[in-house]
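Below, each structure is written out as structure tokens.
You will see two complexes here that share subunit A, one where it goes with subunit B and one where it goes with subunit C.
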Partner chain A sequence: MGNPLLPLQLWLDDHPVLQNWLYNLVPVLVIVLLALALRQGLKQPIWAEAARRIRRRPAALWAIGIIGFYGLIAFSDSIGLYDAKKQERVSLLDAISRREKERYYSAPLATMTTGEAFPKPLKEKHILGTDGKGDDVLYQTLKGARTAFIIGGLTSLLTIPVGIILGLLSGFYSGTKYKWIDDLITYIYTVISSIPSILLQIAFVMVLGKGIFQICIALGMARWVGLCRQVRGETLRHREREYVRGARALGVSTWGILTRHILPNLLPTVIIFTTLGISGLILSEAILSYLGVGVGDGVGSWGNMINASRDELAREPILWWNLASASTAMLGIVLAFNLLGDALRDAIDPRLRS
Partner chain B sequence: MSDVLLSVENLKTYFRTSRGIVKAVDGVSFTVEKGKTRALVGESGCGKSMTALSILQLVPEPAGYIDGGKIVFEGRDLLDLTWSDMRTVRGKDIGMIFQEPMTSLNPTFTIGSQLSEAMTIHGKDFGTAIERAVELLDLVGIKDARQTLRQYPHELSGGMRQRVMIAIALSNNPKLLIADEPTTALDVTVQAQILRLLKDLQERLGMAVLMITHNLGIVSEIADDVSVMYAGQVVEESATGALFSMPRHPYTQGLFASLPARNPRGQDLETLEGIVPDAAAWPSGCRFAERCKKKFDACSVPAPVVEGVRCHLMVSGGTGGVENGEWGVGNQPPNSPLTTPHSPDAPEAIDA
Partner chain C sequence: MLNYIVRRVLYAIPTLIGVLLVTWFLFFKTASPEVIARRNLSSRAPTQAQIQSWIKGHGYDKPPLDQLQNSTLDMMRFRFGKSDATKEDILERVKKGVVPSFTIGFNSFVATVFFAVIFAAIAAYFRGTYVDTMTTVICVIGMSLVYMIYIIGFQFLFCKILKLGPTWGFNPDENLIKYILIPTIIGVVAGLATEIRLYRTFLLEEINLDYVRTARAKGVAEPAVLLKHVLKNALIPIITNTVAVLPGLILGSLLLENFFGIPGLGSYLVEAISANDFTVVRAMVFLGTLLYIVGLILTDIAYALVDPRVRLS
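Then we have the complex of A and B:
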């Protein structure tokens, strides 16, 4: 695949300090945008009410706390300084939690290597032990957070516009003069959803190659279908509402009705779908990485960790910490997103409100 | 006639359904004069709402379609207009308010943005629109208009929302306001306020109103002329005063006979037996014949329209004694207090 940004990338590679600050800018920008969106949203009574309901649910608060914690780790891994001596970018997380490489496996908090005929003393203490290459497991686990957030966020960013636009058109024109639009879109997503999504994703990675961005596209290709379907259903419902007829009676154009009258009412559906979907995306990435068609080597990923520890449980003694750390880290974030998604649904789903 | 604003001629609005063609509106004609109020009265399913939607061409497509007729508004047949010309007519020349104030406003926008949208889509700039929005809310009797502009629909009561709907419908100074059962979903006391407001606004702004209702109380209060609809057709058409003092069609008589206010206390109310026939298969003869107490041989063929009344009795000259005495169960003489229209300040919800 030709990369249109390649010249820029090459130029930036020659200016590592500038590149570093550009990279630092991205997470800051993301956080600022999210904060602005949240602040703007909470001004609306509907969302303020939703926030009040969520505040009353301890599980949701825990979930937000956990997501915030993971987010903090991911953020600290996204900002950093350029180390001119080593000629590499050192993230805040690297600076804090990188440990020295050992020779071999070592159990959590052990002082000697594990599984060797003649255990050697370790250079440092490793809270979660080390893996077969002697890399610190805690450090690797923390590194996975950033990947998880990028996968969840970027894929959602890719699927939301596609899902909304196609779902909106499909639902709006269903059963009207232009029903071929609906027929076409419905046909496409029925075909896509009848292909096992894991096969579809693997096929895309095979074509695009490994890497975070490629994985996002591969996951997104299967993802938009679900959103499109939900948006279509909601649009069908809203289309028949009195206020849409009222808008028509006022002379509002079709475009105006779609964008100003129906679209804002789809927001709850989209937000719930996205929040609940992120956990699925994180799991899918792990599965792809486990199958060896994931983000690729050199990128921190829980799927990669699980893949690397595939045979460890069969060993004697059992080397459990690598697998356990990756799984627990994944479980934590997936559970948190599911809890938050459920709480959001209870708070804002129009179908659950009278 | 120069003072006719809207003239609907032989309008036919049909629906394709799995049961065949449903003739919801089947040859309806009426006129609305400038500055006057025309009421369309009838039971549920008689096609009065579809008539209103047909005027703005908002009949649900593609199942519903206008099969024939003319809708002449200010000399132009609206059925000949292009889609975009029709959009300028909607909301600008003809405003419409609906039955359900609770759901007719978009829940995600403030009152202010919905009111101003009504004006900005017809060419006003936002600043002027907001200024006018304040005026409009004052006009429809909402105190503290500026505060209300910032509120969302769910923060307002049903009566307030209907006032907002009226303000939106009036925002571009329409020449005609179509009100489709504007008070049906409201409390009786609020109904009275809204009706008085409509009447007052009509006098002040000089617009014409097409009032769609099943409530004869409302008709007596605000209508100048009445068209009584039954089974997709107009069965009787006359001035309000004339209709109330002397209903001529047996259906209209039945409607009046079933009004509580017109019957002596203690006596059972008259009812119209049966329901409106199936719109997919109208009877071949007079459509009211099945329920008519004055049915006779001629009723098996379609009734002619004589002096605005679609009834065979009008031809056969008083066979049924339509002209005299027999129009109500209580046999009230036309000028008795019970037959005079209800006074405007004591409106009652009288369902037909």
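Then we have the complex of A and C:
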């Protein structure tokens, strides 16, 4: 599969001003829409209650702060302008934190290169040192944030509609005269879930080729199954509730029952599943990158950094900064999403409330 | 019981057919043969003629139904063909890799479940105290680390600093333990965090039920309550959940064998990925799935053995 957006990209390359607009519009729109959704959501009593519960948990607040911090870095790497002289996009993050390329490894804050027979003086100061190609480690670590957010966000965007629609249909028609719909969907997700997800992802990226978009498709293919199963279970539960029966007795159409009555009640399940899943997605990206079916070279990713640092601990002197920076950065965001997911589950899920 | 086992095995057949359909679609229909051939031969700068002969040789030019039939029948009879990169017979290589992979996999599976139950029981016994909180905190941090960090870290600790075993290499004639001990330990540690946390929840769900209160009321000591009454009942969700350990074992096989240079099934797949060897990857995806399905069946049988209420309807 080639890049489906290639013609559009080629056309845009001829219109740099428009390209700059589009390039900056997308991340800004994402942020604005997220903020609007949050503001609208907090007006509803159940979400206001959840927000109150979360505010009481310091760990959750820390998690939100950390995610916000990473988000800011990712955002600053998403906006920027096209530099006509160098013929490349320069994001805000590039402008702030890019450093000159050195010859070889150098320790954090060092003035000379490390590991060479004759150490050379460095051109610039590097807070976290440089890696084997002489690239600044701090800059690369910061670059990884955007990749992590794209992997987590885009994959979730791909999985949520598929999981909800199939799960809803499957649960709603289970045991009725359109039972075959449920049987078919259940069969499909049984088959997909009996292929170990790592193998499915490897196979997908092998066939589609490396790249962020391909990774998202591969991760999403293995991931919608879990959401579909949970949504199906929830739908089965809600289908028999009085309010749905009441709606049916009042003559509300099937479409109306599904979208206006059952769907809003699935939202907690979907939100918890998505938040807890993002950490898994970020970890999977690193593993796939290690196995050689990742985002590819030239894309800043913590997985790529960890792989590059594989043999560095065995060397003399020990080159620890590349591995340490990438894994600390990754631990931070994954831990934050895990903590937030747990807090959300405790705050939203009515079954856990005492 | 026999009836149940037979029916459970029969239920797996349609799933297996579905898996074969999915693999066929994935490898033959998702990308054009041209693209796959080019990627497979990329290291040799292929000419148009080479690409065409690769497409012919791998059956990509046949009509879809023939492809489906051929690939399905070959897979079912374990005729995987030869590797594209090394021209080695795939089944032979798989047979060689089974022993180290299974030794690591089986041992870390047993040890993971065993230690996870012990730690979860400790956390549940001290529930609400700082022991419990510390366990949860460590588990959440442990879950947030990527598998490679465990391997790199512990390899550095065990092999470089403590010098307990070799960092790289494998000799089938020597004692297996020498090469397999450290990878197994790492596999267990990497999988432990998720499991402890889960088992702790299972134990805590049981701990407030009526029968536990009765046991306490008649004077059974707390450790005995936990071990004799609670653990026995919590075993049901624990056994159901052992399925969730299996994908971790497959991942462990891929990464551990690659890091330690053990010629198992996992490192075979990793080599195939870097050589763009589609034939091997397809065979390994099928084999991995087959093993996983067998694992699912075994868990279901174990589940039925422990819980007399379970019967397939």
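The rule we apply is simple: the second predicted complex is superposed on the first by the 347 of 354 C-alpha atoms of A that agree within 3 Å, B and C clash if a C-alpha of one lies under 4 Å from a C-alpha of the other, contacts with A are read in each partner's own complex, and residues count from 1 in each chain.
Please note the rule applied: contacts are C-beta pairs under 8 Å (C-beta built on N, C-alpha and C of every residue); 3 or more make two chains touch, one makes a residue touch a chain.
Small disclaimer: the values here were computed from a predicted structure and weren't measured.
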Applying the document's definition of touch, where does A:Lys177 land relative to subunit B and subunit C: first, second, both, or neither? first
Which superposed partner A:Ala249 touches (first subunit B, second subunit C, both, neither): first
Between subunit B and subunit C, more residues of subunit A are touched by C
Could you tell me if A:Gln19 is touching subunit B, subunit C, both of them or neither one (first, second, both, neither)? neither
May I ask you to decide whether A:Ile198 touches subunit B, subunit C, both, or neither, giving the answer as first, second, both or neither? second
Using the superposition described at the top, list the residues of subunit A that contact subunit B and also contact subunit C. none
So, in the complex, the side of subunit C touching subunit A is made of residues 14-15, 18-19, 21-23, 26-27, 30-31, 35-36, 39, 140-141, 143-149, 152, 156, 160, 167, 246-247, 250-251, 254-255, 259, 269-270, 273-274, 276, 278, 281-282, 284-285, 288-289, 292-293, 296
Okay, in this complex, where on subunit A does subunit B touch? 44-46, 175-177, 241-243, 245-253, 256, 260-261, 264-265, 267
Give every residue of subunit A touching subunit C within the complex, in rising order. 1-2, 187-188, 190-192, 194-200, 202-204, 206-209, 279, 283, 286-287, 290-293, 303, 306-307, 309-310, 313-314, 323, 327, 330-331, 334-335, 338-339, 342
Considering only the defined contacts, which subunit B positions touch subunit A in the complex? 56, 58, 61-62, 87-92, 95-96, 98, 100, 103-109, 117-118, 121-122, 152, 154-155, 165, 168
